[in-house]
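Structures for review follow.
Same chain, two partners: chain A is paired with chain B first, then with chain C.
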Partner chain A sequence: MNLLPLFIAIPLGTAFVVVLLGKTRETYSDILATIAALILAILPFILILTLDKGEVLVYNMGKWLPPQGINLVLDGLSRLMLIIINVVGFLAIVYSVSYMKKFTAKSKYYGLFMLMLTGMNGVVLTGDFFNLFVFAEIAAISSYALVAFGVEAEELEASFKYMVMGSIATILILFSIGLLYGLTGSLNMADVGRTIQGNGSTLLSFSMVLFLTGFGIKAAIIPFHAWLPDAHPSAPAPVSAMLSGVLIKALGVYALMRIFFNVFGFNLQVSWVFMILGLLSIFGGGLLALRQDDLKRLLAYSSISQMGFIILGLGCGNYWGILGALFHLLNHSCFKSLLFLNSGAVEYSVGTRKLNKMGGLSKVMPVTGATSTIASLSISGIPPFNGFWSKLFIIIGLVQANHFVLAVLAILASVLTLAYYLRMQRNTFFGKLKKELERIKEAPLSMCFSMIVLAVACVGLGIFFYPVMKVILEPAVEVLQEGIKYSSIILGG
Partner chain B sequence: MIFFLSFILFLIGLYCVLIKKNLLKMVMGIVIMEYSVSLFLILLGYKKGGFPPIVTAGVEGTNFVDPLPQALVITAIVISIASLALIISLCMRIYQKYKTFDITKIRKLKG
Partner chain C sequence: MKENKGMTLIVKTVIKFLAPIVILFGIYMILHGHLTPGGGFPGGVVIASAFILLTLAYGKEVAEKKMKRSLASLLESTGALFFLILAVLGIFIGGWFFSNFLPKGEPLKLLSAGFIPLANIAIGLKVGGGIFAVFLALVIFRIAGEGGEEQK
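Up next, the complex of A and B:
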């Protein structure tokens, strides 16, 4: 049996049922959402166990063959993304069971959340451009609504800003899809990729630029980042964890990788564009993070900076660079989600996010303090943890591609990361406990569960990086390195 | 070149989003941009003297119109209506909170 449609059908079905169930009793919607998310989190592992390492699974909707029909494609890269989306999604749902109690209409929250999962799963599985656009819109529109979920003044403002930027991005993407259709007469990615080879048309370059801008806005790479530092901190904590940990990767970086590596083909110009944008993001995001006094805003800027590392690694174009980028993508989804969940726990117990109003919290909130320390050490690249390996691979990739200056800059940027995370740790969890904070209690059990699982994942990915690399990452790297052979793999022949 | 018409429309929309200070006017700019892209897609599917792609006894020849752009535009319009509804409701909520539609006065977020 082919499991691929389930990744879209389960969350889509749950999204509608959960809202109806919420009308009877709110607990039912908790249970249903958790079960659905658990099934979704298990499915990608079943796929990994049953399929061979490099096997590509193609599902043709209604048995219509591409390029006429719609197809879903599962290759190494999609498998990696499915794991990230569904596992982090499950943990965020478990976390929300306690965290979202202070909001009304919890079942509607689950509905929107499930729609967001539908959109992201669809984006990473789909094999044609138009469905990419449709699923990206499903995920984006539900995320606009989720950012504004608290309907306070700041949240509405952030959501409006996010929505204007996001709409412009989708319009540019649709424009570009239209251009590609005009050039090739097809919307299937594999078919388009085959048709445009050797076509040096200016319109093709124009559509590449439009794609880069559109998905660059979604990925919050630096010249297009303005919405992220407002939107991510304003959302409820589990949603911020999903947005920062998963959404910008699934909608932004994944789409960029798929289109630029597998459809257009990777070349020197693209490589330089990626590396320059990556460097800008690393330093811009890092330097802006250094002077933030709001906990979640600091994390949001740090997301921009870490996305820069991923783009920089992809820009190398060689084995180690791409491996490092994909590993950093996996790691970043672990530790950034964890840090956002931590910030949510702090906000839940203390009631503020200002760094100067906290201090010494690890004495009263041991689980949050310990997990947050692990996440901060991981993201700064301290050796036994996972962030170290991914940054090391990216730097090896840069050295192999003879970009020594960029390698040195990447090391410096990694030190910059350590600087702002140390500042965050010192102001929140270490130091003297303030008198008015002595009565603070640890966050509830379901919140602690998600944080502990993610912290274990951070340590585990660091220690067992070799098997993870062999089983999950290498097939994904292969997909990107094969480049435009993608079309012959999907269409055959 | 009729394609430039849709491009000009697109630029008008972009100007609206970038320059106007009223939230609703920005929303209108977005809508104009969406329309321009829809127009562009529909124009791509135009074929002079083409038939609808329905094979019946009376229709001869192969000069069929590709139905793909039409299907695409319908979907894009539905999506844009949904996002329009969401963004207008956001504007209404913002007006309730800030008592203004002026984007320069809606500045509680900093940085």
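Up next, the complex of A and C:
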């Protein structure tokens, strides 16, 4: 039996059953959500074991053949994204079991969370433009609700801002899909890609600009980033981890990659646009992060900066650049989720997120302190942690493409990252423990479990980067380097 | 009907006669969705609008007696689950997710088009329950907001 529809059916079914279970005891919702997330986290690895490295699976929904029907496509790139989404999703759910106790309506939380997983799994699997739009909306709308889950004034305001920006992105994307449909008469990505080859219409360029803006807003690249520093800190910690670690990548960067590399085809203009936007994000996000005194806000700005690295690497367009970008995408989902989970643990125990009210916490919260240090070192690119390798690959890519100035700037930006993470570490986990904080306890077991697994992943990906690169990353790089051959691979002939 | 809540007697009387017909029309739209314009979504909206009319005319309390909010959300979840079960049954019976595994029947007859009528019913439940639940949630929120202002 083919496993692909399960990535959509399992979370969707769980979402509604878990809401129906809301009237019964809370433990049932916990158990159901955890089991569903565990199955989802195991499935992508089964796919890796059973399929050959470069094999592409196409699944026609309801036996309708493309271009009329909707197809699900599993290639190297989707496989990488599925691993990121479902593994981080599982860890966030395990973390939520303890963390979400202070909120009421836990079953509704699990329902929304599962809907978000459905949306993201759908986005990375689908081979159809309109289907992509629908799944992106499922994920986005449930994330609006999750950001506002605390229903305090600040959270509602952040959610409203996020919703307005997200809706603008949605309109632009829908308009662009409409334009493409008008030009080609098809909604299937592979079919559209085949039809528009050699077509130099101005409308096509307009549609590219609309896609870039729309998905740029979802990916929070710098001129479109305004919603992120409000939305990500306001959400409950496991949701922030999902939003920063996964959602902006699945909805934003993945869609950009798929559309610009596989449908429109990569060219010099796109390359420069990507590199300039990437550089803007790296420095803008980094410099803004330096001045933050709210722990989660600092992490949010840092997300913008790290997304810049990914976009910059993609902009190179050569093997090392793309490899670095995809590896950084994988790494960022590990360490940024970990950092957000850490901030959640700190908030859970200490009750504040202000950097100047903390200090010396690693004495009373050893697990949180140690994992947070690992994550900070990884994200700053200290060898042998994973962040070092991905940033190194991006810089190799830039040098190979003869962008020496950009390479030097990227190294400088890496130092900038180290600067604000050192500041964060000094203010929270190192230094003198304040008197009023001496009786703080470590976070509960399930929260520690998620943090430890992610920390091990950070170290493991750094040490065993070579097998990971060969098994998971290279097929994904291949997909992007094949570019517009995507159409003929999917449709055959 | 001597309740002071809701609108005037004229509106209440009109709604009393109209609401069943609106619901009937919604059910017709859902069941004939595969033959005539309409289908699960518009049919569900029409049914929900009948309950919304009741709420507007008679006030929230009377409408709550006819259709509780918990019942509306229950119907919504059931509809979605029913739809998903149909899709998953497609894998086991038809071999593909969402494949139409029931006999197609003769075109333009009520019992035709395989599982499309069933899917329409599922969508009708989901949309009808969902829209009425959203409406009730908004109404409750407004009342809560007004109460808050009075306290000030």
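Here is the rule we use: the second predicted complex is superposed on the first by the 493 of 493 C-alpha atoms of A that agree within 3 Å, B and C clash if a C-alpha of one lies under 4 Å from a C-alpha of the other, contacts with A are read in each partner's own complex, and residues count from 1 in each chain.
FYI, a contact is a pair of C-beta atoms (placed from the backbone, for glycine too) under 8 Å apart; a residue touches a chain by one contact, two chains touch by 3 or more.
Keep in mind the model is a prediction, meaning the values are calculated, not measured.
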Chain B versus chain C as contact partner of A:M61, first or second or both or neither: second
Touching partner for A:E157 - first (chain B), second (chain C), both, neither: first
Which partner, chain B or chain C, touches more chain A residues: B
Touching partner for A:S167 - first (chain B), second (chain C), both, neither: first
First, second, both or neither for A:S446, with chain B first and chain C second: neither
Touching partner for A:L12 - first (chain B), second (chain C), both, neither: second
Partner chain(s) touched by A:T373 [first = chain B, second = chain C, both, neither]: neither
Which superposed partner A:D230 touches (first chain B, second chain C, both, neither): first
Contacts of A:E137 with chain B and chain C, given as first, second, both or neither: first
Footprint overlap on chain A, where chain B in one structure and chain C in the other make contact: none
Chain B residues within the chain A interface of the complex: 10, 14, 17, 23, 26, 30, 33-34, 37, 40-41, 44, 66, 68-69, 72, 75-76, 79, 82-83, 86-87, 90-91, 93-94, 97-98, 106-109, 111
Residues of chain A touching chain B in the complex: 130, 133-134, 137, 141, 144-145, 148, 151-154, 156-161, 163-164, 167-168, 171, 174-175, 178, 181-182, 185, 187, 229-230, 234, 288, 292, 297
Footprint of chain C on chain A - complex, ascending: 1, 4-5, 9, 12-13, 16-17, 19-20, 59-63
Of all residues in chain C, those that touch chain A in their complex: 73-74, 77-78, 80-81, 84, 87-88, 90-91, 94-100
